[in-house]
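I have placed the structure first, in the form of structure tokens, so that the comments after it can refer back to it.
By written order: A, B, C, D and E. Residues from 1 in each chain.
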């Protein structure tokens, strides 16, 4: 997908002036409360008319104020999961789910009702009215409703915010499949770095209506300074790997990456499948000699490329492992104690357990460096 | 606070049958979507009348169906932050904020308008109508509105779900202060293990309308099996410590705990202050001999107390460090490789950096084991 | 039924005619009522206030005046009346259709206002949501707006019906009081009040009229309740 | 103003009286209208349907009948009339107050329905929220419900006012047609229509009546728009 | 004709309903079916006829509206007949002690006390117009002009008296006779007002022979008892 946005819009005292062009398959919108994420999503969906500007999705001009183009919302085939579910109160859950299908030509329907209902765990709610649903249930139905309209572009405004982790964990892989198998371009608003790192191929960071940063997810995730302070613990390097083999004895998967073999908990992907791996900087221990008798299984040899001061007495050490950069965050005390300096040969030590599903994504190969 | 809840209630096909008694200062309600958290909160606030049962807060009977007591909601002095903000559309933000104050006797007002407005960062919104707010702004105003009514019991239904991490990080300490300084009892619904671990003195886990587990936060957090699969990475041990000294050179704080000294990023608490520390099981590496040349600063000697199989090929190793239990999660491969077995002397290795603000709470001393 | 035997054939006719006239007036004005309410609630066009005023006129004018104006416009010689008669074969003058027209017009401001209030209460965000799901504005209206304003539509219909059951000023002035053709219940009641000793007859017919209207009212309330439940109101 | 010179003193009186009667009728029936609407929208009590039917009666009955019933109840010798006169010194018979009473009652079903529709559209969750913030049910009503139903109240008021400007059947039957006391504009207009050659006079007064009502209507629309904006409607 | 069947259609002043219904019934055999009678105020009926109403016969409660139609050639001038007469009386509630000898200068105002005199609208309702004329002739008008309770029609004026709302009223003798709630205090002398006349005529648009028959029958001696029973005087004579 290519998504070109260049718009200016005012609402009250707030002005949105946003310009970016994303070629990613899933573009994450990131930014603090009130920074204009929902406003931007609304404009892309055609709920608001920008004062000036252009929006082009995959060459299809949705808005061009200069050429007086404004495709009405019902012709955009843009699915929108609203921040506030906005279910139709006069229809049952099933009625809500089926609403969009009616307006989708048979040939363009890709979402299967059973699959979506199953995925979202809303089978027992189908006959209910929205007024009888819990907050999370409502949001799940809203996701289902948008999906079942088989949109050609999916806009999701904090879709998982009100869901528990277990439910999130079930839905995230589905969004990945939409992105990868169905190849539905997605714009995804989230406050969760974990979600963004896992899903996004590109990230747009909004701040007070302006684009503060924008680029491939891997690049943005490495720039800890772009992340909110409290989220920096979640930042780190995103590297690409390939499933090398599965270790059935120990229920693990060995990934081959530029930095060496990495052992992770078992992944459900065939050998050869590309995998994207987020290694949190705080999960990486640095050892000056190859450690022995340690439970950590991944010990990646490398050379210190650079050292930067992070916030709060921490240091960010970039280790070049065979050309692949691995970020580590350690204390200044450790740095001095170990006498680390650029050029020094070290080992990056990472526990297998520190990789969980939230850190590993399949199917995004080739876009990390895009 | 003591909160006694013993109620039975039906709504549609869903039946809530909940019985627990919490003495904690902040009781967390935890459970998957649709498990009845909001329903329970509504009943405590007096928005719904349970079919049968009793609710007693600090000896004050709010509901007793047998004795036909049902204190009307406006006399409960129970502040409720709704999952859906529910702001009054016909009032400005300021009007919303001030609404409850009017009904609070002067002597019982403890919340200061300036402080709350400042905390929530809504100073620039005061003149606006709720319809012109973003999702997160709305939720912040809703929090402020509930606080400014100076309630004697605060119910918060996923108050921070729609907020970014930076904003959360600002609000959490305030909630801690309410809990500790104002000593306002709080019931807090959240899906975030980090939030719960940080804030809660007691946790009630709901599942399909029943209490699945209930107890002190420390105990519940150690029982990884109670956590949703995807949240287990966040689980671990919660231990108590005391600020021993600050290391100004390296911007660190040394905590004295039963398990030994632990170095963490600098904490804003005077020496002697109690600190509650969550050590994620996945952050703990096990070493069979004291490691050298490692950036990890905390190396706690101990003895393996027990080993249990976790899910997905992982093992949960409980290390007894001087009588304090530290939980570690490692792969079965590591376990076998290192030949670990109960009784074996080992070292728990933990990075200083793996402690962030979300893992450390001050002021809850004495309630961990309550 | 004992009523049947108490009523003269002309009175019985009046009962049937009134129900017919009220029903037709209510149903026939409904589409226009919805459209007008929609225009007034949503439209931003020149002449909106004029339309609004026009809709309210039958309320403001003494019914006799409305009836007389109808007579002038839709009578045999009136411009609208002769046009409709010539091109569509629709004749109002001194027909029950005329009574229905008069009743429809007298009830129109009530119907429009009820529907308009409902439209103004609709959460437009739901309509937006329908739009993003592929529904064009007509479909949005049919599948979202219309069901949501059903309470207002029902209220508008019962107001129009009840008004029609009570209206006689405009009717009798426009289409007279011809038994079997334009003599509705209220006209018949009026006639009774005009003669000595007619009170008993007037009372009898009044009770019948009340019975019919209350039945309709109860029905409408039951419908509204069902709709309300469907909308999930507490 | 040239109107002033065109109007006879009696007509001028009728104009002033009509405005007074309509205003008083509208304002005086408002509290009862709100209370009744509230009862009908929210109440679950025995006799609810009866009350509902009663409220609708003036719509269903020919105005003459309503007027006559008023005469029987609130006349000098009527039970309600003599009670009120004795204990409160309120006299309706042949007074402008009687005209106001008649107009209020004729407009009551319209007012109640408009307000009721608004009440039924109120999101009760907001009222719950106010309750948790310490407001008892009266305060909840005053600070939350009332502001939210303002559009309905405004609509109800304008309907009542407009109806009062057009009502004469019940008024003239109840309190006669006494210039300066009970002769409202519609009565004056009616009188004109009953004499050969009176059309010009009727037209003149009708235009005045329309002007007044339209001014009121425009005012109400402006108010409703302001309220709507305050409620944040798009 | 726009009407659905070929029944005779009669437009008649509402106050004649009882009598005319009986007459209509009696004449049915002769005419070959009952006529449809539309009762309304004379003004409404006249304007309807002016606007093409399918009426065959018009019976007005006063001469003015008949003249209105005749001036416009809407009734067949040759058929205009003075059908009925009536008189106006002063009534009081049945338990009233009022007595009156109605003649020039009698103390009507004194009799009224602080009450009002119920009367049909004096400019539009026929009974009101006759009443006003009589009061003027008798020199009483100025003393009661601002003490009137004018009603939309004579029946409503009667109700004012019957309910005790007004202590006195001026109504038709025909109405007073049938209302048990009132008693006649006095009759206005002949000559104190124009004769009260209900004229009848066939409309110009009517070509139905049955209508002629109906008109004849209604004006015939056989109809007289029905009118008299309701307190009308039968005139029967061309004008």
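Everything below uses one rule, namely that a contact is a pair of C-beta atoms (placed from the backbone, for glycine too) under 8 Å apart; a residue touches a chain by one contact, two chains touch by 3 or more.
Predicted model only: the values in this text are computed from it and were never measured.
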item	value
Chain labels contacting chain A and also chain C	none
Labels of chains that are neighbours to chain C and to chain E	D
From chain B, the most remote chain by mean C-alpha position	E
Far-end chain from chain A, centres as C-alpha averages	E
Chain centre separation in whole Å, for chain E relative to chain B (CA means)	90
Rounded Å distance, chain D centre to chain E centre (Cα mean)	35
Approximate Å spacing (C-alpha centroids) for the pair chain A, chain D	61
Per-residue multi-chain contacts in chain A, two or more chains	84, 132
Sites on chain E at which at least two other chains make contact	none
Numbers and ranges of chain D residues touching at least 2 other chains	64, 68, 168-169, 190, 193
Those chain pairs that satisfy the touch definition	A-B, A-C, B-D, C-D, C-E, D-E
Sites on chain D touched by chain B in the complex	125-126, 128-137, 139-140, 143-144, 147-148, 230-232
For the chain D and chain C complex, residues of the former touching the latter	49, 52-53, 56-65, 68, 109-110, 113-114, 116-118, 120-121, 124, 151-152, 155, 159, 162-163, 165-169, 186, 189-190, 193, 202, 206, 209-210, 213-214, 217-218, 221, 228, 233-234
Residue ranges of chain A in contact with chain B within the complex	11-13, 31-34, 37-39, 83-84, 124, 128, 132-137, 140, 157-158, 161-169, 191, 193, 228-231, 233, 247, 249-252, 263, 265-266, 282-283, 285-289, 291-297, 312-314, 328-336, 338, 349, 351-354, 356-358
Touching residues on chain E, where the partner in the complex is chain C	2-4, 9, 11, 14-18, 36-40, 44-45, 47-48, 51-55, 153, 155, 174-175, 177-179, 230-231
Parts of chain B lying in touch with chain D, wherever the complex brings them together	45-47, 72-80, 82, 84, 86, 88-90, 99-100, 102-104, 129-132, 145-146, 149
